[in-house]
Structure formats: C-alpha cells, structure tokens
Amino acid sequence: MSSQLSALYTELVIEHDKRPQHAGLRDPFDTEVHHVNPTCGDEITLRLHLTDDEQIEDLSYDAIGCAMSRASASIMADLLIGHSVEEMDPVRAHFEEVMRSRGRLEGDEDLIGDGIALLGAAKFPGRVKCVLMPWKAYQAALVEIRALEG
Amino acid sequence: MSASSREFDVEAIRSDFPILQRMLDPDTTMIYLDGGATSQRPRQVIDAEVAFLTQDNAAVKRGAHRMASAATDAYEGARERIADFLGAPSPDEIVFTKNATEALNLVAHSFGNGDSSTPARLRVTEGDEILVTEMEHHANLIPWQELARRTGARLRWVPLSEDFTLDLTDLGSLLTERTKVLALTHQSNVLGTVNPIAQLVEAARAVGALVVLDAAQSAPHMPFDVAELGVDFVALSGHKMLGPTGIGVLWGRYELLEAIPPFLTGGSMIETVTMERATFAEPPARFEAGTPPISQAVGLAAACDYLDTLGMEQVAAHEQALTLRALEGLAGIEDVRVIGPAASPERTGAVAFDVAGRHPHDVGQVLDSLGLQVRVGHHCAWPLHRKYGLHGTTRASFSVHTTAAEVDALIAGVAHTVDFFRSL
Amino acid sequence: MSASSREFDVEAIRSDFPILQRMLDPDTTMIYLDGGATSQRPRQVIDAEVAFLTQDNAAVKRGAHRMASAATDAYEGARERIADFLGAPSPDEIVFTKNATEALNLVAHSFGNGDSSTPARLRVTEGDEILVTEMEHHANLIPWQELARRTGARLRWVPLSEDFTLDLTDLGSLLTERTKVLALTHQSNVLGTVNPIAQLVEAARAVGALVVLDAAQSAPHMPFDVAELGVDFVALSGHKMLGPTGIGVLWGRYELLEAIPPFLTGGSMIETVTMERATFAEPPARFEAGTPPISQAVGLAAACDYLDTLGMEQVAAHEQALTLRALEGLAGIEDVRVIGPAASPERTGAVAFDVAGRHPHDVGQVLDSLGLQVRVGHHCAWPLHRKYGLHGTTRASFSVHTTAAEVDALIAGVAHTVDFFRSL
Amino acid sequence: MSSQLSALYTELVIEHDKRPQHAGLRDPFDTEVHHVNPTCGDEITLRLHLTDDEQIEDLSYDAIGCAMSRASASIMADLLIGHSVEEMDPVRAHFEEVMRSRGRLEGDEDLIGDGIALLGAAKFPGRVKCVLMPWKAYQAALVEIRALEG
C-alpha cells in the first residue's frame, strides 16, 4: 500500500467509517440541516440540539459519502457533544485551517483529537471538501438556531 | 472524410501527446482514462493554435486589413473543416459556441423566444411537450427543464430500463402530437450506451417533433454524419475531441437556424442597429455574438484533421476493442458491477462500475495512487444514478492513445482496490 | 498590483510578441494598430497555455484524480489572479464567460429571469426603465433592447453631445426612480472618451439603480479597480487584454450574484438534480455551466501577470502619449477630422477619424497597402456613427507594443491616403 | 502607388465612382429592395423594372458605400439595362465566380465588360462583398418580382 494511501485511510478513519459514532437521526433537536456536495452527490442530514447557554446536548446525523466524509462526521460528533459551542469554536477553526493548508500545517492533537487522523486528506484537494462537509453542516445548523432565537 | 491515411499505431499516436510523458510522482506514471471528461491535445492541435497566434491573429469578420483577412480565412476555413467532419451540407450550418452546453442552451432558449413570425414547430408554448431521456447529462436536461418552466410546456422523459438502455415500451404515449422536441444523447457518458437514433428520429418525424442530438460523447469516437443521422440539431464540444476548451459546435439544418430567433446578442450578429432596435444577420453569424473563439476554431479544425488522418472507423474499432477488454476483465472481479450494457457494437468508450459497499471517491483514490486517472461521482447524470440506486460510479473512458496495457492496469488496479478495502 | 517591476522598454516588449515579426509581403512590415478589436499575445501568454496543456490539462471541478486537482488548481488560481488584477474583494465574484458579450448577456438575461424570490431591484419588469448611452458598443445595447422587449420595460439613453462626450444635461430626467439599471461603457471603443463613472454611479445610487460597466476597452489599458469604481457589475474580454479568445469575465458584487437566477444551465452549476427540477450552486459556479475555458483562464492569468509586470500606470501613460502624438499629427492633415474629444487624460487609446468624401473602406485599403492595420466601419457602434452623420470611421488603436515611429507612420500614411485619392 | 492599389483603384473604377451611371431612384419600377452590409454599414436601395418577357427596362439605385461598391453598382446598371434577365444570367454568374476566386480566375471581358475593372478586388477578401452587394440586391429584386407574379 502506498504511503500516501496509508496516510489517508488510517486505522482511525477506517474505525470511524465502520462504526460511526452518534450516527442516526435523534430527537429532540432544535434544527435540522441538509447539505449536498454537488460534485459527488454526497449528502448529510444533521440535527443539532443546544441548551440555552449553547452547550451541545446532542448532534445526530445521517451521512452518505465516502469513508473520509463519514469518518469526519463521526469524529466531529465525538468532539462536539457535551461541550459548549464557544469552547469548540477554536477546534473547528483550527481543523479547517489545517485541512485547507495542503499539508503545510500540522494539526494540534490537543485541540482536534481523533481529527488528527483525517489530516492525510489535506494533501488531496479533491478530498478536503469531503472532510469539511459535516463541519459546514454544523456551522449552518448553528446559524439557523441563532436566527430562530432572535 | 473517414478514410484514414495513417496506420493506427498506438505508440506513434502516443508520441503526439506530450502530456502522456507526465509522471504523477517519481514512481507513478500517469494513465489517463478520463477522455470522457476532457481529452488531451496532440502536438498537432497545440501547434496549429500557436502558429495561428504567432502569424495570423486578428479580429475576424470586422476588418478590411490583411491580418483580418488572414484571420477570417483561418476561422471560416475551420468552419468548413468542421462541417466536412460532421457531414454537414454547408458550413453555414455550423455555429461556434463555447461548449456543448451553450449549444444546447442556445436551442432551448431560442425555442422559447420566438414570436408570431416564428413557425409554430419552432416555438414551444404552454401545452406543448418536450421529451428527453432519463440518461441525459445535465447539459441536455436542465436547459429543457428551464424551457418548460418559462413556457408552461411539460417535460417528459423516456425511462431507463434495467439493462441500461432506453425503455422504449411506452414511446407511443410519450411521443405524441403535443411533442415539439425530442432532445437526447447519442451516447451516454456514463453507461456507454449508444441510442437507436434512426428509430427515434423516425418516431419523432411521425409526430412532427424536432430532434436535438447531444453528440458530445459520440462525434469524437465514431464515424459521424449529420445527414445520415437525420436529426435537426447537434451539439458537441471541442475539448472532448482532442481540440481546445472554449469552443463547441451547434449544427442545425439551415432552414431551422434561419427561422429561430437569436440567443446571445451583441456585435457581429446584427444586420442594422438603431438605439430602438436591431435586426439580425443570417445564420451562422446570427448566433455568434461578440468575438468568437478564433484560435480555438483553428485548433478544433486541426483536431478534425488529426482524427480523420487516423480514420474514425479505426478510432471506433480501437476504442471498442479496449472497451471489450475492460468489460471482460472487470467481470472477473468479485464485488465489481459494471453499470452499462454488456459488450456490443452499440456500446463504446465509457465503462462505469460500482464496487459493492465502497464509495466511488474511495475507489478513485486508490486508483489514483496507482496513476489511474478515472472519474468518480455522478458524472453530471444524477437522475441516471438515482434510477439505479447509486450515489455515483467510477468511470474509465478510452481515447485514441489508450493502450491495452493501460486497460490491463485498470483491471489490476480495480482488483487491487477491492483487496485493499477488504484488508482494512 | 499596478506597481511595475520592469522598465517600460517598448523594444524589449516588442520582442515578447512573436507576431510583430510578420511581414505582410516581402516589402511591407506589419504595423498592428487594431488592438481595440483584438490584442496580440506575448510569448508569456502562449507559453503559459502550452505549459498547462502539456502538463496539467484535465477537466476541472469534477474529478478526484491528481490531474483533475492540478487542473482545478490552475483554473481556480487564474480566478484568484484575475480577481486581484481587477481589485475584486473575492475570487468568488469572478465568473468566467466566453467574452464580454456573454457577460453582458448574462446580466441582462438574469435581470429578466427572476421570480418572486428575487429581490425587486434585481428584476426588470414592465414599467421599469433601463438606461444606456448613445455611445454603446452593440454588445452593451442589444441585450438591453432585448430585455426591454421581453419584459415590457422601457429603454432610454443618455445622448452624445457635439464634443464627443455624454450629454448629461438631462440626466435628472433620464435617471429616475423607475430606472433599474444603468448600463454603460467605461471607455468608448470609437471615440476614446472615458466616461465620468464616479459621477454617474453617484447619480444611479441616488435613485437606487444598479450600474453595469462595460470595461472591455478600459480594464486592458488603465489602472482598474472595481472596488474604487463603485459599480455593481463589470464585463470584459480576455482577447482585448493580451489574453486568449474564448474567455471573458463578469465581475459582480457577491450579494448580487447570489440573488440573481442562473442564465446558462447544465453541468457544474447545480446543487441537486432530479428529472423534474434542479437547484443551483452558489456563485461563481452557478454561472459557469459546462466545461469552462480552462487553458484560456490560465492564459488570461498570464496576461494579467504580464500587464502587472509592466505596470498599468505605465501602460496607460505609454498609450496616452501615443494618443496625443496621433491627435497632433492628424490635426495637421487637411480633410481629416478626428471623431473624438481633444487630447486629455479623459480620452485614450483609440483614435477614430473621418477623411472628407472618402469611405473608410477606401481609406483602410490604402493604409493596409502601407502595412498599417487599422479598423474601418461602424465598429459595432452604429448609433454613435449615425449621431454624427457618419457611415463609418477609420480607427487606429494603440497597445503596449506600439511605438512612436508606428504612430508617425500612421500620420504619414493618412496624409498619403488623402493625397492618393486627390490625385486620382 | 503600390501595384496592388493601382489594380484596385483602376481608372474605370474611379470614373464610375465619380460619375455613377443610372444612379438615383426612378419611376416606374416593379420592386424596390434595400440591402445592407452589416460589417461596414454600406447600403444600397435598388429598383428594378422589367417588361413582361423579362427585359430589364430600368434599374435605378441609391448606393452608400466605398468606391468599389459604388463603381460596381454603376457598372452593373450599365451592363444590365436594355438586356433580358436570361441573357444576363451567365454574366452575373461569371462575375461572381471570378470575384470569389481570389484572383485565381481571369475575367472574360466579352461577358462582363467594364466589370473587368473591378477584378482587382478579388484578391482582397474584405472587398469582395462590397463589389458583390449591388448584384445581391439585383438578385433579391428578381426573386421578389417573380414571387409577386407567380
């Protein structure tokens, strides 16, 4: 197996792809968003449930996509649930920055935990979108909830 | 012009394509199996464009000076060359567009823009029907959806059948006196299926419907003759037939081009202009607003020369042999299912497949690591994929420069991919 | 990006343009004074396109393989480069079209295609007004005539005055609350007049009208910054700025692009597609249906590099000096009348003139015999010519590679032409 | 003066340009046509008057254009008036063929008379249209008359 491939399909990615965490759509939730990647047809439906002080009570999802995007959704849910939106904002920002760096930046495992396993994709511009799609859906859900609230 | 004047020697052909020397990384040779998305350019095409740009470049049609004449000769000469390549009765039936997509939009928009002076058969209005097929590329679907939306016409479609060909069982009820246009692809860019155009043209004629043919995937790969096909309009792209991007072709019967209103408006397509209104030039000028793709037309003509030197019969035979080889090889791999008809003369060039339980992105990624450049996703034919319950496929497509060894590498690569994911 | 990093040395610049070596016949050197119609390409632009075609060519956006990534990087990199050249806040505001004409058609069509979800200011309907000027190129006139015809809106225009500038006396009654769009050229392709955009933008803003700027003749010749100009949409062509044919640019404010419906439809501009309907991608993808002009985008980016290396301030100064020289020289020839304003910083690049009693075709013919490649006719600005009682003019236009000696040859050539016809 | 130029602006052309024959619009006429060359804006209005057996009784015109197109109109009127349409058809056909030959064909003076003076334009593709415009207008007028009659 080529070293580039093994950097992509890490054990953790395969693990999350095979046994996605927090998958499936659950109640209760504050908002549900649906995102599509028009180039490949990948889809994610994501539900977000926050407390009044923006603690992430639950995040559930249904993802159709490649191993990278499914693993990314699983790892994201693992990272986010039980934390506050504010606390997780630097995590999201760092993860996105590193993913878009084309491999120039190294990831901070203290911040992004298992997300580190996804960074192999940063070298493949065609895959960056796959990995970021769940995060985009999460952000869209946040925007919606905040809009609903005022 | 299909008689070849050169032996079909793949190695010699390969040496015409500079890009085939490219390494993806120091260990990985590039194997380009994505000609269905865009083809590579032989040296002859690149050189023709560079020669034009360094010797004859000027604005066409508008100038009286010698450079303008030279450029106009080159541009209009390209039009003649392409008319000849397509078997068009006259170069005045060749409209240069930016791609096949624009050509299809042009027809779809013009059908909706007529007024009382436009013959009724060239005007789609409320209550009319437009017939497409379930295998269309988005380029030959959405412009018709939009025409239907704008005019109140009804869009209907010929469904796909389980054997990956069009299901013509209900054609009689789909194609009726209400049908103004049948728009369909000559060859599916996913399935490789070649549609029975003669039969469909006859059926359309019987009800007075016009036939618009999307030849983006056929004209580059087989002997092609608009007169023989009997259709009314044909759209194709330069970049899929060894020519430049930025140029496409709409062929239309002259009497139809003459009767439809213009689409894009501006310079070079007018007869007279006042501040209040304009009258329009005869075709093809009427449909070529603004400065056209001049050097690209020259490049496309060189691509026609190149293909005709090889001979389109031989091109088709070569690509068909590769297709057969690929189909046989892939059939032997467990968990791999070809999405397209079995080998036959009615199927060519593109071989799409599904690897059970694996997303095409992942399949394409492993193949890429082996140098195999194949396309993954819905290939701009989303409804087709939905029909077969797929989110996407992996597609290899073959070109004049593809070798049997490359096809074997594909087969081995797919087998390796299946193993790779199993091993994880 | 207007700071030059190269001395403005015309001889060195000339050596970058292979076509300038061309002889028209063994005795006649070519003197290309038709950059206003289409510019010539420096080696750097041709080489960039060839390098792309022989190393990185593939379909963009659609593929996961490495060639597709390389091609996408090149294409999207070109978008960033052009955004930078135009001072656009974001590359997402750059839409690649086939030429300026398509860019203007795109805007005009989209304004007529909205539905109830489209903001009212981006929807032209019956009773609305569209304001253009009497100096427009047909590309920025006919699409608006057609929009008016389709929607029932009224087309009005700012007239020309005897001094070859816009007559703004009645602007207050022309630009009213009913005006949805003011579409005008930055610089006249005939007169050389540069319009007072700041003043017009302010007036348009005051009544809530959008401003569409035809920058086909300005962006290639002067420092240009969409943010400073304050307009809403800008259209231009690659081939007039040392770049390839087959590519143009529409710049638009992102929030406006986001709010207008698509124009051409097909692949790569969609979000989801079923047989019944499609939803559309975000800009700029929404407006780029089908395979775009990929290698041409790379060429255009190289043209921006080339121009920025020279420095747009210096380009403008160079061309202005030549214009002044030409105006002075032509003023001294009896029977020759310049059709355009006197020398000033508000007039550049194009010098059109009338030779009393002589048809421009005849004038151009004699000039061509001397190697001078100038354009004759109405230059796609027929109403402008009618306004001044002319059937056409002869126009010389200057480029980065034009020398003072070439301008002198023009002046001598025009004097010779007058003598020639007198002697007959 | 370059030899190419003198081949174009022959004495006869200049003569016809300065003193166009049969110019001006006259009555009676059977039909009037208006033709425009969209690239340069040249215009011709042409009136044709035929006898019942298709003798060209009169052909009058008003032409705006370059020296070549004006001379061509004048020479054409000279050639046509007083002859039958049938008789003149080979003249028209030969003239057009030679004009489109890019200078490869020589003209037959017995057929096209003063038209020979226009052949210098055949080497200039940009000017061929100028010279042929009056003939195109004549043909269009013929088509119209025949349509009116039949």
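Each chain carries a letter (A, B, C and D) given by its place in the written order, and its residues are counted from 1.
Criterion: a residue touches a chain if its C-beta (ideal position, glycine included) is under 8 Å from a C-beta of that chain, and two chains touch if they have at least 3 such contacts.
Every value quoted in this text rests on a predicted model; they were computed, and no experiment measured them.
> Which other chains touch subunit A while also touching subunit B?
Looking at subunit B and subunit A together, the chains touching each of them are C.
> State, to the nearest whole Å, the distance from the C-alpha centre of subunit B to the C-alpha centre of subunit D.
That gives a centre separation of 44 Å.
> Just give me the whole-number Å value for how far the CA centre of subunit B lies from that of subunit C.
Here subunit B and subunit C have centroids separated by 31 Å.
> Return the distance between the CA-based centres of subunit A and subunit D, expressed in whole Å.
The computed centroid separation for subunit A versus subunit D comes out at 76 Å.
> Of all residues in subunit C, which are in touch with two or more distinct other chains?
As it turns out, subunit C has residues touching two or more other chains at 62-65, 68, 270, 272, 361, 365, 376-377, 382.
> For subunit A, write out the residues touching at least two other chains, lowest number first.
39-40, 124, 126-127
> Going by the touch rule stated at the top, which chains touch which?
Pairs satisfying the touch definition: A-B, A-C, B-C, B-D, C-D.
> Mind pulling up the subunit D residues that touch subunit C in the complex?
Residues 1-2, 4-5, 8-9, 14, 39-43, 64-69, 124, 126-127, 130 of subunit D touch subunit C in their complex.
> Over in the complex, which subunit B residues touch subunit C? Could you list them?
18-19, 22, 24, 30, 32, 34, 37-38, 40-41, 46, 50, 53-55, 57-59, 62-68, 97-102, 104-105, 113, 134, 137-143, 145-146, 150, 155, 157, 237, 239, 244-248, 264-268, 270, 272-278, 289-296, 361, 364-365, 367-368, 372-377, 379-380, 382-383, 386
> Which of the residues in subunit C come into contact with subunit A in the complex?
61-65, 68-69, 72-73, 270-272, 281, 285
> Touching subunit C in the complex: which residues of subunit A?
36, 38-40, 124-127
> Can you name the residues of subunit C that touch subunit D in the complex?
Answer in residue numbers: 359-362, 365-366, 369, 376-378, 382, 385, 391-392, 420, 424.
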